[in-house]
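Should a chain be cited, it is by its letter among A, B, C and D, assigned in written order, with residues numbered from 1 in that chain.
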């Protein structure tokens, strides 16, 4: 037991050191690399908290695609040669005091938490069988709190609409401005050829495993997104124009299937987003499979950014 | 000290760190980064509550876990939107910071982030 | 000392080594030095997670190791894109095609 | 039988941990990026490889063992390719300065 704790102390120390460094690093570029490491470390922390589902999501989205996004932004920004001056010392001290206060209050909250923590775990466990799933977190996401998950998909799509709406008028409907390798070398091309099949298998595995053990649509979808971005960065594949019919279709197929099955719940079960007993699991699998595709495409397009040029004829 | 408490304090410090970066760093990209650190601190606190709610043979309460998963995805959406705004701002003005300005236009840009 | 204890001890040790290595690489000075850190956390993190997975007898942790290894590769490629493009004097991608 | 398997695990995992330590010392001591990359690849190949082989006797299910090997192969392969890419980037940036 103490050995595990020793592990955790090392982990917590490393995490805080990297986080501090991320904030104080001199250049934005160094800060982003530190943030990458931070995200991957955080995944290990989630494992230590026995939240393996969250660990997978954190590694994939928090550490993975967020860093890819920020790295792309750093490339696209025309940074000035001189370093940017931050706020003055008095404000820094004031901010430091404020943040120390916030940390102290939060720390006190953690310290004075009641001995017996409130929990919904037994409730989730008891109703797990009814959902037909073996993974309690997936059951919460797709059965007990399905509305949250549906709305979250809508948020993803809304964010994409927001990103696209920042395109200039001439570029509307065109190709996103994801920075790509100017001259992909043979080694990179090899990697970009060999990794997609593996990535697709792992992605499908994550989605499939999600029903009974940690994993699921987000994690699988993220891997698909990363694979797609890799082939586009290595220029094995052109970026799609955002008004392509197939692209729009892929974007909405997941949420639409989710919504349709949810609405069908009015007729074949008792309420919105309710599944009829017995076929709950197949329905959830259909929803998850389409969501995996939609999430993959949406995440990749969010990383790719707003359209910047018209497709070449 | 239990491991849940250890990471709870960790989360509290991360929130403070992220907030500090959000206030003091001038570059918008650094602000976005700090905001992500702040968010991960909040998620970690959720994780601690989930861990403390371990019961019925589960290592952690699944409900906060599901909330955090949703939260991570939403945080990513917000980050993507913020980055797109920043890139557009940079294209229009050549700036990578939001300058305090009295004119209405840049005031609006400042308000977006 | 049981085999479980040993594996957890090994995990802590590897984590410590990775931490020290990270500190060195992240110090820089060149940006390309820093990308080694993603490599290191990729392989080191996978090792730690595999040790934990077997040590704590929790098979799903192996999936996290898989995810970590895969994502570290994507991140390295994304990083090197900027490194490659900034040091080669090539026209922008639009004109080249 | 159990004891023999445990001894194999202890020996191989310790050897893997040793290479992690050697890699870290290399990272601390070596003077430039290319040599540090060299140290890191030792961690990738030998450190992780030995740990994976050390863990194999402890995994009960055949599927788990297969997954362990698959993860190792994946990290090994992508690590080797990414190391090449990093080395190229180092050379390029070296030529420029």
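Methods note: a residue touches a chain if its C-beta (ideal position, glycine included) is under 8 Å from a C-beta of that chain, and two chains touch if they have at least 3 such contacts.
Fair warning: this is a prediction, and the values are worked out from it, not measured in the lab.
Chain pairs A-D and A-B differ in how many C-beta pairs they share in contact, with the greater number at A-B.
The distance from the centre of chain A to the centre of chain D, with each centre set as the mean of the Cα atoms, comes to 28 Å.
In whole angstrom, the spacing between the mean C-alpha positions of chain C and chain D is 11.
With each centre defined as the average position of its C-alpha atoms, the distance from chain B to chain C rounds to 23 Å. Residues of chain D in contact with two or more other chains: 74, 78, 81-82, 85, 88.
The multi-chain contact residues of chain B, meaning those touching 2 or more other chains, do not exist; every residue touches at most one other chain. Of all residues in chain A, those touching 2 or more other chains are 4, 50, 72, 74, 188, 191, 195, 198, listed in ascending order. Chains touching one another, given as pairs, are A-B, A-C, A-D, C-D. Every residue of chain A that touches chain C in the complex is listed here, in rising order: 3-4, 6-7, 10-11, 13-14, 17-18, 21, 29-30, 33-34, 36-37, 40-41, 43-44, 47, 50, 52, 55-56, 59-60, 63-64, 67-68, 71-72, 74-75, 179-183, 188, 191-192, 195, 198-199, 202, 206, 209, 213-215, 219, 223, 226, 229-230, 233-235, 309, 312. Residues 4-5, 8-9, 12, 15-16, 19-20, 22-23, 28, 31-32, 35, 38, 42, 45-46, 48-51, 53-54, 57-58, 61-62, 65-66, 69-70, 72-74, 76-80, 84-87, 91-92, 95-96, 98-100, 102-104, 106-107, 109-111, 113, 117-122, 124-126, 136-137, 139-141, 144-145, 148-149, 152, 155-156, 158-160, 162-163, 166, 218, 299, 302-303, 305-306 of chain A are the ones that touch chain B when the two sit in their complex. Looking at the complex, you find that chain C touches chain A at residues 5, 8-9, 11-12, 15-16, 19, 22-23, 26, 28, 31, 34-35, 37-38, 41-42, 45, 48-49, 52, 56, 58-61, 63-64, 66-68, 70-75, 77-79, 81-82, 84-85, 88, 90-94, 96-97.
Only residues 3, 6-7, 10, 13-14, 17-18, 20-21, 24-25, 30, 32-33, 35-36, 39-40, 42-44, 46-47, 50-51, 54, 59, 62, 65-66, 69-70, 72-73, 76-77, 80, 83-84, 87-88 of chain C touch chain D when the two sit together in their complex. The part of chain B that touches chain A in the complex is made up of residues 3-21, 23-27, 29-30, 32-34, 36-37, 40, 43-45, 47-63, 65-70, 72-81, 83-88, 90, 94, 96-97.
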